[in-house]
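What follows is a set of structures for review.
In the two complexes below, chain A is the common chain; its partner is chain B in one and chain C in the other.
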Partner chain A sequence: MPLLDIRNLTIELDTPQGKIKAVDRVNLSINPGEIRGLVGESGSGKSLVAKAIMGILSDRWHVSADRLRYNGIDLLSLSAKERRKIMGREIAMVFQEPSSCLDPNDTVGHQLHESLSTVDSGVPFFQRKQWREVRIRQLLHKVGIRDHQRVVTSYPHELSEGMCQKVLIAMAIAYKPRLLIADEPTAVIESGAQIQIFKLFKKLNQINDVSILLIDHDLEHIKNWTQTITVMYSGQSVESGQTKQIFKQPFHPYTRALLQSMPHFDDKLGHKSQLNALSGCIPTIQHLPIGCRLGPRCPNAQRLCVEMPKMQKSKGHYFSCHFPVSYDNNEKNHE
Partner chain B sequence: MWLYIARRFNLFFLTLGVLFALVLMMNKAMPGDSLVKLSGVNTPSKEQVVELTSRYQLDDSIINQYIAFINQRLSGDFGISLSSKQPIINEIIQHLPATIELCFYAMILALSIGIPLGVIASFKYKKITDHAIITVTLVGYSIPIFCLGVIGIMLFGLELQWLPVAGRINLLYQVDMVTGFTIIDILLSDISYKSLALRDAFAHLTMPALTLALFPITVVIRITRHAMLDELNTNYIKAAEARGISPTNIILHHALPNAMHPVLAQVSLQLSTLLTSAMVTEVIFSWPGIGTWLMSAIYQRDYPVITAGILVCAIFLIVISLVSDLLSIVSTPKRRSVRHGKN
Partner chain C sequence: MKKTMNNLLEVNELTKSFHSGYRWLIPQYQQALGPISFNLAQQQTLSIVGDAGSGKTTLARILVGAEVRSSGTIILDGEQLESKNHQQRCRYIRMIFQDSDTSLNPRLRIGNLLEEPLRFATNLTRKDREKEVYNKLRMVGLLPEHAHFYPHMISGGQKQRIGVARALMLDPHIIVADEALSALDMSVRSQIINLLLKLQKEMGLSYIFVSHNINIVRHISDQVMVLDQGKMVEFGDAKQIFEAPTNDYTRKLLYNLDYQS
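Presenting the complex of A and B:
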């Protein structure tokens, strides 16, 4: 049974013009011990999906889903209190814009203290403070902060963005969660330390069996560190499957364009020639096309594309497209 | 931070300078002899005229007059009252504590009632509790203070006879004035009927303080609610929620301390309104404060007292705004570490 099972997740935004489906029937599932990547351009609804899982979207957003289950528990039917319990213990999230995610009025050390739950630790109450301090030191070292003394006594505005991000990662892994949602965890971290963070995630995944939902738009990271990926475009999930398989053989035109946009050294790209990219840009939320939202930008689009394609499955590889690329060749090869 | 504080003090002295200039100009514009208006000595003798003219430099240029005026006022010489012939500084010392006492209790009431209600309203945003609080606030916001005071006197003072309608304390109790604050004076004195006197002083204080506090309470509720709603939508609150921290903890330890900054800033701005309404309240409840004193001075055309009253009230407000500004810097870690005090 998957740890996180999402089926037809729809997130709507209240606007004066009526409700707009910012995320439209997205499917996502994470098995225990799996690292899944969630890929897409900025504004494709990746963070919205993550926040919907955590249940921290503001009142203007309406979340509905056929299934939104964590470990067999229907998250949407839980009361706020029960949900918070699960969030604290089992699911942790690393946010974007790290410095805004720390209370500006409080020291980092105190916020770390607060994140550590001592209830189940079995430590007698008079040793808890010391126990927490030791734990905090270990956690900060784990995420690559060496001068923990300075960091715990600082206020968030005294630390760099990258430092705040590391602190947030430390907070997220402090619970020993079973599912970690990392929303662009390394976007503001210097590249040397990025590898360290990903290694940390990998280690958590292998030793503690933590499942990870890695949201990123850096395809290199996704390729190196995930086992399965889901590709989103403009609030729709267009393709999902094994990372290797998708990188080798994408079926959806968007996925193919995305992969082609990665510059390769071995490509014979002429001097001053155009880089590979789809024409146009991601539609604004007020002007979403009907049917497959890639329609206006898709090189393969035909009249049928104004209807939403059904999810098709081929050997554990899901895609929703009427005219998949390289699909027929693939079939022929197998014949 | 220190640079900003220095600049703030600089501004403070400049404001004082402008204030003194304005008051001197106003004094000059009032009808009558400058000498009488400045010193308060009606029909001075020849020697007095010579002495006062040299003291206020009245024969000299306006700049020198201004400097002499500031020197006189800062050394505590406000002249004497035209009507009572008493030195004005003594009258100020006698009346100002009563006003400060009234404003202080009204402010305490406003904060201790307004902040919790504002927090509750923001927590129950767009629910029935929130609507109820906002509706009641609107009603309180709209009632004029004199109307409320008179209704209070009629209902609780005359009809139900629960509370006394005038004065600070019953004349039966002989309390020596030490600080001018009745409650403190009673506690300091060694009278045998201390608890009775205290109870009487509080009974006298209740209605004026409540009347005066109603408007600030509504303002504090609205600002707190607004600031809290802003805070509750920030990323760090969402992140704290995602970490499973309890709502009580989030509100008390994260949202509220951050929401307090705009609240304090607004409240210090509201103090001038508070002082104005305090004067009205004092007149309604015959509270022997600056307001009553100033009102009677205005009726009697007692110009030295009017200028002194304006000076004292304005200086009081400027000092309060300075103090609240300094408090806000010291309590905000982000502002503490920035040179110019802006975020």
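Presenting the complex of A and C:
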């Protein structure tokens, strides 16, 4: 049974012009001990999905789903209090824009103390403070902060953005959650330390059996660190399956365009030659096309594409497209 | 002109020091960059790679004149570039900024925004300026109508195109792009790369590219400079450096790359 099972998740936004479906029938499932990547460009609704899982979207958003289950519990039918219990302990999240997620009035050390639970740790009460201090030191070392002394006593504004992000990651893994949702965890971290963070996630996954939902806009990060991925475009999930399989043979034109837009993935590409790029730009939320939202940009769109294509399955590889492409017969369509 | 064809830009012993306080009332300086020397030929791309804090942004800013160098000479087209002479500098070396959202004035229409450098640096009439703006808009794949739009009305990719158009405005020889691609989404990024490559071919532009994305650097650059804590640790032909890096630091950067992708 999957740890997290989402079927037809729809998130709507109230606007003066009526309701807009920001996320349109997205399916996602995470098995225990799996690292799943969620890829998509900005505005594709990745963060919305993550926040809907955590249940921290504001009242302006309406979440509905055929199924939103965590470990067999239906999350949507829980009361706010019950949901809160699951939120911190079982599901942890690393947010984007780390410096705005930390309390500016409080030292980082104090916030780390708060995030560590000692009630059910079995430590006698007079040793708890020391126990927490040791734990905090370990956690900070784990995420790659060497001078813990300075970090613990400083306020968030005194630290760099990358440092704040590392502190947030430390907080998220402090509880040893079963599911970790990491929303662009390395966007503000310098490239050398990015690998360290990904390695940490991998280690957590292997040793503590943590399932991870890794959200990133860059396929380059996702490729090596995930087993399965889901690709989103403009609020719709276009393709999902094994990472290796999708990288080898994408069926959806959008996934293919993403793969080809990176110089690295096509070694035959000549130096300084034109890259394959989709024309046009990502639709804004007010002007979403009907049917398949890639329609206006898609190279092989046809009249049928104004209807939303059904999810199709082939060997554990899901995609939703009327006219799937196979990698072999693609002709290079230069812009 | 003939002689300078192979060396458009020549930088010698460029350094930058920052004032770091006083000790016994004697001002103390900390050298943040250099000494750096390199040449750049026409229609070539030089990429500057390095970690955060390695001084790559400082170098780019010195080249465009946004920051004053401490010592060293910059020779463009056989002519000395003076630190203070902005009129001269802004015509030949122009910049594309990282964040297109914040680098465009939200209170100006795109037409006025693009017209500004022409107003300040040339004696063109209003008609000519308008024509030039339309011209450049077309060049970057937008329509003349976009001149009447405000920056918030267009998408992120189009904004970056405006950034490119603004850099092209005075027909420069060199364009400096400081992380111009890293804030863009993937599909838009490849569009902009294509645009830059096309413009280079058509107009014979040289680029100085500051980036941390090694894949893109490998694709577009002819020469690569690796900076580590302000020192130039490796400089040379891109292909050579990527195939056989001689420096440990470079190797580490490339090793990171192997993990990433």
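Quick note on the criterion: the second predicted complex is superposed on the first by the 316 of 335 C-alpha atoms of A that agree within 3 Å, B and C clash if a C-alpha of one lies under 4 Å from a C-alpha of the other, contacts with A are read in each partner's own complex, and residues count from 1 in each chain.
Convention: a contact is a pair of C-beta atoms (placed from the backbone, for glycine too) under 8 Å apart; a residue touches a chain by one contact, two chains touch by 3 or more.
In this text, all values refer to a predicted model and were calculated from it rather than measured experimentally.
Once chain A of one complex is fitted onto chain A of the other, the partner contacts of A:S58 are limited to chain B, with no touch recorded for chain C. Shared-chain residue A:E158: touches chain B; no touch with chain C.
Of the two partner chains, chain C is the only one that A:Q194 touches; chain B does not reach it.
Using the contact criterion defined above for the overlaid structures, shared-chain residue A:I282 touches chain C, although it does not reach chain B. When the two complexes are overlaid on their common chain A, residue A:L180 makes contact with neither chain B nor chain C. By the touch criterion defined above, A:I145 lies against neither chain B nor chain C after alignment on the C-alpha atoms of chain A.
By the touch criterion defined above, A:P104 reaches chain B but does not reach chain C.
No residue of chain A is contacted both by chain B in one complex and by chain C in the other.
Looking at the complex, you find that chain C touches chain A at residues 45, 51-52, 155-158, 185-191, 193-194, 197-198, 212, 215-216, 218-220, 239, 252-253, 256, 259-261.
Taken in their complex, chain A has these residues touching chain C: 41-42, 162, 190-192, 194-195, 198, 217-221, 223-224, 257-258, 261-265, 269, 271-279, 281-282, 284, 335. Listing the residues of chain B that touch chain A in their complex gives 125-126, 233-236, 238-246, 249, 253-254, 257-258, 332-334, 337.
Chain A meets chain B in the complex at residues 51, 54, 56, 58-59, 84-89, 92-93, 95, 97, 100-106, 114-115, 155, 157-158, 168, 171-172, 175.
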